[in-house]
């Protein structure tokens, strides 16, 4: 088999009106080592064909059902068929689609939150472990170089013991009942049957938890949550505020909102240690602010040698020289680079290098679902603290 | 009696090593309408004399005991004696000093938190109401023009109904056990016998509550708090995180810290309404960020006509043209201007204009003590929500 | 001929150690409508093959000489052969390569500055006009959505008559004699035989001129320049400061540097009009600051409806929702989108829509060379003002 | 004579509609060691009396002519009479008033620009030198702590040799012909008979020159200037752009404007050295940005120990802890502190400590007038470079 070729990608989702499917498509091909060759872009045949055509995909590899797609792919030669599939549909379908592709041997990249509930997540984790296939979960914010730098500064002990973690993720796009206007993104995200039990908590709260875990490595042990539905008639939370306890005694807050009028995608994390602290803003991602007790604040900027010295992972996730801003798409693409490099290692029967494994996986997905579950339980609980149950291996 | 003169000020506190006493002194005289003429700057006679001398105060009006000072002042002519006293000692002595000055007819400006506990606060409120004297409480952050603008934008309904309020107040100066080094400020603030039951909560958490109330006018109905003593051996909270419910259904968070390594005085408030939202940073106080659903973010800047049009109070609190930054001291001084203008009105038997009454008073002080009390109760409570009891008139 | 296919791209340059060639490659394919199929990545056969292999290009379409490449491509079927070539070599070779490709009918995307001198530029302009082929010049900064918004605000008269334009472009990477270490980028850029008569002026000063012209539409009539070689032994300017007069009476400054220690790529433009003014920072490209005489400063942010309403071009140049930052690569890709859409229009015998023609072309390239020429003349001139000669059609 | 008293200040200017006179008044008394006791606030008796009354000055020490004031003061006891006078009238009267006060032995603080022309400046310098009196010139921006830190970083060689200096000072308040509306500030500033030959150049360009000189210690040797009157009918420059050569071979730009629509007081300086560079923004004065070749950008913030270690002068100019913003008035007051401490030293027959002499003096004033003169000459000169003649002792 010739491995000196681009990997073949299949895509589930990404039809007209979709947001994240199109981002997967562009991010995956950004570095020129992946071809999108096949897809189920919509359950509507016409829509799926239309979308596929704009992506220059051959009509006979455009489907309206992921099982049809699987059957078709299996009949192609190994070099023609997809190497992996990206699942970018609403939450309630992730599990079944992922299971079906894994069952027949395809690697999977899945949007977050990973599944509809914890049970599905446990079952999916088991399947991934059994099959040994490569499974990626798209918490794209950990693909940003400065987030990797943040993690590496913490790992090296630069901050000392972590004492406090604050993550905010305010958005304003659901300030009004947008779902009543037929807006695709708003509709499924506010519909419990498609999203699961959580609204803003599942959509963006899971990013907050993931980011906190990625940078600090700390597990949450207890949550104390307050969820609100601020827009009348909305069935899922559009605002979520949560106190946290971490395993090492650190305290924290995660607060997210989709009714924070005028906010765009203002994910920010603050990590306070005994010796230094960090602050990172997703909307200004090329910088990392480092504060210390008695010295000037430091602005670490992507693409510099002094970053590489501390964080080879940040450097590996960098395409452009310093001062040439990189953004959301590049962070997304970084996750794909590690994911596909891991697949290539498998093809070559090599053990993937640790830097290749630097992408969110099924364990992160399960922990995310447990986070949702714990917060939902806490929201209904009169007791202050609800234990965060983790059963990660 | 000649009222065309500077008012005479007495000061309690402000001796060597003091921080806030000296700020009161400079803020009060900044506009040239107040003279500092008398004071008890320390309980140590030598220290008090030394401090008073640097302030060019006559030796016979420098004391080491506020009662001696009261007796002396009462023996002076009305034009010579102090018009008001500023109390800037540690929390545990505010009440008695204030009561003693009020009892003999002096107006009082008091540092926050107002008293050692709620009982004292209730008693002080009663005394102020009985005497009819002017009582100011120094929550200086409400003296900033852009905070007044924020309040006025909310009052005019520009934001619509308020849905979420977030206030952070991280400091880093107690990251290490500074109190063990003999540091004056650190020592009394971490000592329950001088500070009361709250550490960071009382010192800066009360500012957060006050700021939120000033801008939005909303009362908190329930709190859910988690207090920590992150530095080993510390007896009072150095980190406090709190979920909030407001009377109108809005939700909120107040989180403050004095172990947020590298932070200086990073008080920030975000107010999210149905139509617009606000963001204000104390460390960059000349700007107010206004976000709306579909329009450019707006940076309102102090000193412009468009600010005056919306907020005469912001304009009244402005000394310099736009682009000439004003700071902490000017905000402090603004509180004094309103406080002393109210006193002058009394002298002239006039009803103070509403803009003169725009300074924190004894009711704000009582509410602040109730906030501390509620949060301390919540911190010990296994139940999620603790009712915030307000008994303001 | 089937036009429902990706366009085929050839690349000249982009071998090991190259910077901008690799950016062209990624930017061109970012949207999934271009395939890189052929290239001359280096004049060294081994290096070229090595680079081509990492791009998954077939060995028989990897060359070390652009003429060999041309001959080969001409022998391929129309659907197989390249549709256009991107020229990303040092300045001194742009002209000949471009002429050779144009001569046989290929469309061309060329790096800036367009040629080695004005004479080549005039000749190239003539060739492009004669052939009618599509010629793009990569001044990528005009690909940023907020730059397009800036242009459209000016065009709509929002600023009124323009009075002053300031453009800075400080970099610090040549603060030390980096060229003496064998650094590829530094070596050719500081070598007159490869770069032409201008150093920082040609490399980044031309971007400054182009950006100013793109946003305001104003031509420079006179320049007054001071060029320096701050690093000992350097043969081309590493710092350039220039006063400007514009055709409408506006005044301006362009100042660029490559010895501005610690600066990265800090291109900023300020445009002051009679009614409003603009400020845009390349390192924070998703925002445009608009100031007016008596109203809050406005921060216009990419991806919002209110931007689309004023500037469909900004919207067309946007892939992601607001708050999901886009960067340098996306701006670059926007230039490719318009360039390739124009090529597709030609294939379909359609007149390209005006929005497709929104990319820098051969006229911009000539004007840029005239700018370099005028500034070089001024630098040697004792007279204050040197006329800027434009002979654009 | 008792020197343990506040110093007595007289003020010339500062009547109704005045800006800078009132700032002098507040700044001088801010620290509680100066009393304003006498003044000529307007040439109109009623206006002067009215202004003086609001400052609580005794009616018999309020004048409408500075010579009457001098005569009166000389008749008072040494302890009663003024120690110094502050001159805050339009430029054309500075010289005579200063001479008159110096002649009879009063110390003088004078607004900038120092005089109406170079000749007056030379004569005034001579007078100051002859009398040995203390003469301060109010370039208040050098009073900012972070400007002092910048100077001290340069002095310690942290930046290495300076290569480039850029100063901008855009304002927008004269975008329209405001002088035609009777606006006090606009009227005299645009009137050659009161302002001298320079408009924006004299009003704010001199600040730019002074700031550059203060921080770097470098003298300008040549200027190349372009002045404009953008508003029709205006008689003095409202926009000025200038290339600079410095004595050490550094290059620079100063560009100022009063028609930069929407700008407030956006004075910014960038100093680029061989090893590091600096950036300071007057509108955000509590921070100093330091860039170096290969390390994180540093934000030095006022009030921290690490600032004190490098710059005792910055520390001396600081009243409040870090994070409690200081502004324009405090910087102004810092200049007064050094000026009055120098006067006190004289009284005590002590040689003032070097830190006390850290305020702009008559030599700075003369250099400023020579800067204006050189730039005006250059503006009329067809030759590119005009020599900057300095005849400072």
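Residue numbering begins at 1 within each chain, and the chains themselves are lettered A, B, C and D in the order written.
We take it that contacts are C-beta pairs under 8 Å (C-beta built on N, C-alpha and C of every residue); 3 or more make two chains touch, one makes a residue touch a chain.
Because the structure is a prediction, the values reported are computed rather than measured.
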item: Most distant chain from chain C, judged by the mean position of its C-alpha atoms; value: B
item: Chain pair, A-D or B-D, that carries the greater number of C-beta contacts; value: B-D
item: Centre distance in Å when chain A and chain B are each reduced to the mean of their C-alpha atoms; value: 44
item: Whole-Å separation of chain centres (CA-atom averages), chain A against chain D; value: 55
item: Centroid spacing, where centroids are CA-atom means, of chain B and chain D in whole angstrom; value: 34
item: Multi-partner residues of chain A (each touching 2 or more other chains); value: 263, 290, 297, 301
item: Chain B residues touching chain C - in the complex, by the definition given at the top; value: 290, 294-301, 304-306
item: Parts of chain C lying in touch with chain A, wherever the complex brings them together; value: 4-6, 19, 22-23, 25-26, 29-33, 36, 53, 55-56, 171, 173, 263-266, 282-286, 301, 303, 319-330
item: Chain A - residues contacting chain B, complex; value: 159, 163-164, 166, 168, 170, 172, 175-176, 224, 226, 228, 230, 239, 241, 243, 245, 251-253, 255, 257, 259-263, 270, 272-277, 290-293, 297, 381-385
